[in-house]
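Look for chain A in each of the two complexes below; its partner is chain B in the first and chain C in the second.
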Partner chain A sequence: MMRYLLNRILYAIVTIWFVATATFFAMHFVPGDPLSNEKVIPEKIYATLQAYYGLDKPLGEQYLIYMQRLLQGDFGVSFTQQNRSVNDIIAEHFSVSAILGLLALIFALFGALIFGSVASIWRRRWPDTATVLGVMVAVSVPSFVFAALAQLFIVEMNQFTGWQVLPVAGWGSISHIWAPALMLGLGTMAFLTRLLRGSLIDTADQPYVLAAQARGLPPWRCFLRYQLRNALLPTLSVMGPTIAGITTGGFVVEQVFAIPGLGRYFVQAVAQLDYTVIMGTTVFYGAFLVIVVLAFDLLYAWADPRIRISRDMT
Partner chain B sequence: MANAADHRYWATVWRRLKADRKAIACLVMLVGLILAVVAGPSLWSINPEAQFLNQIASSPIGSRTAIVVDANELWTGPDKTPEAGASTARLSVIEANTEFVRLSWRQDTSAKGYQLYRWSEGMNAASLGMPVAVLEAGDSWYEDRLNLRPERYEYTLLAVDELGTERYRQQIRVTPVLAMSEFDAELASIAEGETTIELPAHPLGTDHLGRDMLARLLEGGQVSLFIGIFAPLMYMLFGLAYGATSALIGGRVDAIMMSIVDFVIALPFLLFMILFRVALGTEPGESGIAALVIALIALGWPSPARLVRGEILRLREMPYIEAARLMGAGQRYLILRHLIPNVMGSVLVSFTFAIPSAIFTEAFLSFIGMGVVPPAPSWGSMCNDGISRLLTNPHMMLFPALAISITVLLFNLLGDALRDAMAIRRGAD
Partner chain C sequence: MIRLLALALLCLQTFTVIAGGRVTLALSTEPPSLNSMAAQDEYASFLLRHLKEGLTTYGVDGELAPGVAERWELEPTRAVFHLRRDARWHDGQIVTAHDFVYAWRRIVDPAVPSPYAYLLYPILNAEAIVNGEQAAETLGVRALDDFTIEVILERPCAYFLALTAYMTYLPVREDYVKRFGDAYAADADKQAYNGPFTLASWVHGARLQLLRNPAYWNKEAVELDAIDIDHITSDPLAVMNLFADGGIALANIGVDNLDLAPLKQFKVGSLFFLRFNFAPGRMTSDPDLRKAISLVYSPRTLVDKIIAIPGFETAGSIFPEFVSSLGIRIQERYPQPPVSMDIEKARAHLARFMQRHGLEEPPAIHLLTSDSPGAAKQAEFLQNRLQLALGLDVRIDKQIFKQRIAREAQGLFDITMAGWGPDYDDAMTFADLFASWNPNNRGGFSSAEYDALVAKAQTTLDPDERAALFNDMQILLREETALLPLYENALVYLQDPALTGVVRLRFGGDPLLTYARKLSVAEQARALP
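So, the complex of A and B:
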């Protein structure tokens, strides 16, 4: 187990390094630069700015400075917003994205648990058919369409009832969060529902479930204790990619609902070619996702000894 | 002999697929969709870039008959000026069409000036709408020619004092009639003496710049489907070659090649799509399609590579491969005759699932403005155009969103059916 753990952590560190390096070099291929965008800057000021941000140094040296700062946890200063450090930007906006993402994840998990269970218990009857159909539609409709539909629905509902049941967009109060979180979680919910339904059906005729039934345990107990508990394992194994999906899905949902999260900020930074913000955010997101995936892989290995052993051997 | 067995395998898959009515329906619809998108622009010959300025953001349903009006004539107020000084000033509409809305009111001696506002659907219900004009105390009429559309407007005339403080207001509702100026009508070669003209048909309406939605949807479909099919095809082929090479060489090379795969897979996909897309950039006049395809290929190839390697390693242990080898089959024969054909099943299934995910990615990126560059349409960028006008012109978002959803749904259903049909191989193991 120890060797597996060390191996995985080493791997994660190398991946984060790779993300940082790839981001750095990708950014230097970008045509155009933020200092000369739109408005013409006098040559002297341009040179000063170049020197200030270290853009006049050779690429190798820039890379070393960048890595050195990165190791100290310093992402630099924004190009377009003077005196604002990227660390500040991330700290301020990521909390918003994190709240939204966490709620979306909770929605997705609860929904998947309920719909997946219902579909597997009433297998091949109408609740199952309806769930399968719903899943199929939900994975085929882009998240921004769901977000737009939700907004349309909220507008109609507010007009119909005559008072503001839910705000259409924005951020700031609890009522702002429900619609975007639900829309963000919907695709993930569908994906997890399909997975859970499949694994519940697979575990339904496992010997230990049959044994529990034969011992005369009440059906709900057989289901919760023996069937669901084991069926949840595959869900655990996809939690890493799931969280990655919710994180990047936030880019769009934050955009549609005008939520000041890091995803929306990232998209704006890309449009403005704010190098340091793009690099900082990408490395931050990359590290975040790699660590999340690692954490859930380790959790999975801890929860299911079979994985641990088989991976130790390879 | 292997050939015959192989033939039988694909024949069985096809037979199973044919028995699945849902799968065949999907297949037929997808072929129809692709044909429509490919052949559509030559059948529906309206230029997707042409702007119909008389029909900006017109909905798919509604009248297309426009009256012809003389819009060049300078209006000098109503024929009969309402008498000044009456106690209540009345706002009235002299004429209302999409070329001009002519309003007049009785002057009020106590007012030192007027402000005119226009409210339309989609504006804040509590507001008066857009300020149209600030008028002098002596004015008793106004002609509004600003961007009129055949929908309901509410004009508000505020009578104000010297400081601009409101004294009282009058409101009137107007729905302008669809109209065309004489000059435009002559360009559209209207017959002599006709007073109405049929505007060109737009079965799906027009967008906010007056472009035909159907034509744009077809051209956007070409872009979206090209990216969605070509990019996965390329990275599937590359992944196939890479995975097969890695599995067949084995040893250290295999380990190194697979750790590269592990790296690329560990990269956050959409984040790097955006990065690559930005790094590749677009010169003025470029559509950004090539950049998207390159980025998709650069990030997409590892999963088929891993899949193919795994399959080949599994197949190599199969008794029939062993038998072929004992009978003196060379490496080349084994690869071409046994390994590649047997891997094709799983590759085909994952290709079918890769298409909707590539279409999704394109739509996602175009939606946040990182994909296809305007004026080239794609379904994603059309959704982006549509979402800001969702409340006033829902059709602008509806049709591209439906196109994406239906296409992705069909590919997903086909993929499911194909996977089920392929499962015979697993059952036979």
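So, the complex of A and C:
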């Protein structure tokens, strides 16, 4: 187990290094200049700016300097958000994305648990059909459509009641979070519902479930103790990428609801060629994904003895 | 439950405060910086217009007005500004001449990155200092005493006074720069304010709150208690929804929502035009091809049918309709309407061009444009016209912002769709765009005659003579077809009827809310027809 763990950590470090290096060079090969603007800056002023950001050095040297700083945990200063360090930008805005993502995940999990169970219990009857249909819609309609519809609905609701039931957009109070979190969670909810429905149906025919039924256990107990517990394991295995995806992929929803999450800064940075922010957010997202996936793999091994044993044996 | 009740009460309270003179807005982008010495974007310009005040500012009529300077004496190459004694920073300190001298010297200091340093070039030695040829102390500005500033100009400059209202010319407190270093102005409490409002809080990416500045010398003129920028989003639908919900008082709208009422419009004054590539070997360096291109479409069709946004106007000159020089509107005195469509003439020009270059077929044209839906529509219109009228094969090259700029800088185009907004209130801000020495002259148009006209206008202070020079320039550009003016743009927006006194500005800081106020419910009822 220890060796497995060390191996995984080593792989994680190599992955992050690769992401950082590939991003660094890819970004510099994109045509365009982070310092350029609609109005041309005179040559001397431009040279001063280049020297200030270290862009006057050869690319190899810039890479070494960047890596050296990265090892010390310093992402540098943003090109466009002048005077703000990338570390500050990540700290301040990722926490926003994380809160939103966490609530979205809770919505998704609860929804998946309810809809997945309902669909598997009333399999091939109307609750199942309705769930499958809903899942198909939620998976195929992009989140910005849901977000925009939800916002229109809030406007109508507020006008109808004559009361600010929910704010249309913004961030700062608990009332701001519900609508965007629900919209952000919808896609994940649909995906998890489908997964859970499938594995619940699989476990329904398993011998241990049949045995429990034969022993005369009440159906709800059979379902909760034997079926659901086992059916949750595959869900656990996708939780790593799911958590990473939902906390980092909320850009569109954040944009519609005017939420200051990190996604906006990432997308803006790419459009503006803000080198330090592109690097900082990419490395941070990469590291976050690698760590979360690793953590859930370990958790999975702990939860399911079969995996642990098979690994120890190989 | 109690908490819920408390929350409801809190909402109610906020609501009553809103009626008392606060205005809530949304910004599409957070200002990258509020450091007046480094800022170069419209969002910073808007905020700094409300947070700080220069020697001059804009009054309730939208015209240049005394700011920190209460009066001044202007000579051809020298200006003396007398500062008012009651101008204060928000912490009570007196705004002195040294705050201006410090800021201006720092901007031209080559050790400090300031992209807009060239706006100070009219001041003696500014360019030499930026180029590292002279020390920052030799800049032609000094404090004669705490309340008097003397500026020596490099050469006579007709628009210098207008420049002093721009954000790059704002005063800066040295102690704040010293204390915060690189983080100066990065947060609300990291700079000092001497304008009508102070920045009470700034939550990055989320909101900014401006409160009326009790230390401002002209605080009686300020009616609003606060400007709350509660939302930062560039999503047009979100902005519309916020406005519909009563959350924001101003909402810019795009072409999709023109059916909403009542729409307001403001002619921004930016010129959009086709820029030709004059590099040797490029087909567009041939005047006959440029002339042919300029004659194949109807400017009215472009503005009314293709763009179809109210307020947009056809353009015939490099000088938009509002542009003036020393009080004379160029288009009023010397109107230059758009070139009218003439297919026959266009074909004759094209034939001459093809004959000169021994071409059998009309050439392919590389048209560079931005990725905005509006620009694409215009590009396709031009493509269609050039194809139908002249048989030109126009290839549209759609690029995102940074890539488009890079291609323009490398000269990878025959024609590009360009835009230019004024930096200051004078025709020169457009005129020198086609001077051969200007780095913004990205097509490389070069005419000794034109350069001479620009140089002469730069030092001429006689209003009639100067206006005539600008007329000579627009005629020369027309004869050469150095550019093809397409249209002048406008801003279409919705405004809360309870908000009045908003001043629209063309030269940085729009919209000006210093003199705005919220009508009470009773006043609103009275205002109804």
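The rule is simple: the second predicted complex is superposed on the first by the 303 of 314 C-alpha atoms of A that agree within 3 Å, B and C clash if a C-alpha of one lies under 4 Å from a C-alpha of the other, contacts with A are read in each partner's own complex, and residues count from 1 in each chain.
The rule we apply is simple: a contact is a pair of C-beta atoms (placed from the backbone, for glycine too) under 8 Å apart; a residue touches a chain by one contact, two chains touch by 3 or more.
A quick note: this is a predicted structure, and the numbers were derived from the prediction, not measured.
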item	value
Superposed partners chain B and chain C on chain A - clash or fit	clash
First, second, both or neither for A:Gln81, with chain B first and chain C second	second
Which of chain B and chain C A:Thr248 touches, first, second, both or neither	first
Partner chain(s) touched by A:Tyr265 [first = chain B, second = chain C, both, neither]	second
Which of chain B and chain C A:Val256 touches, first, second, both or neither	both
Touching partner for A:Lys44 - first (chain B), second (chain C), both, neither	second
Chain B versus chain C as contact partner of A:Thr23, first or second or both or neither	first
Partner chain in contact with A:Trp302 - chain B first, chain C second, else both or neither	neither
Most chain A residues touched (candidates chain B, chain C)	C
First, second, both or neither for A:Gln151, with chain B first and chain C second	both
Which of chain B and chain C A:Val141 touches, first, second, both or neither	first
Colliding stretch - chain B into chain C, listed as 20-28, 164-172, 236-244 or 344-352	164-172
Intersection of the chain A residues that touch chain B with those that touch chain C	30-32, 148, 151-152, 155, 255-256, 271, 273
Residues of chain C defined as touching chain A within the complex	7, 11, 26, 29-30, 32-33, 35, 38, 40, 110-115, 117-118, 130-132, 182-186, 203-207, 230-235, 237-238, 241-242, 244-245, 247, 400-403, 405-407, 409, 419, 423, 439-440, 442
Chain B residues within the chain A interface of the complex	262-263, 266-272, 274-276, 278-281, 283, 356, 360, 363-364, 367-370, 380, 383, 387, 390-391, 394, 397, 401, 404-406, 408-409, 412-413
Of chain A, residues touching chain C in the complex	30-45, 48-49, 52, 77, 80-84, 89, 92-93, 96, 148, 151-152, 154-155, 158-159, 164, 167-172, 175, 255-261, 264-265, 268, 271-273
Contact set on chain A toward chain B in their complex	11, 14-15, 18-19, 22-23, 26-27, 29-32, 136-137, 139-145, 148, 151-152, 155, 244, 247-248, 251-252, 255-256, 266-267, 270-271, 273, 278, 282, 285-286, 289-290, 293
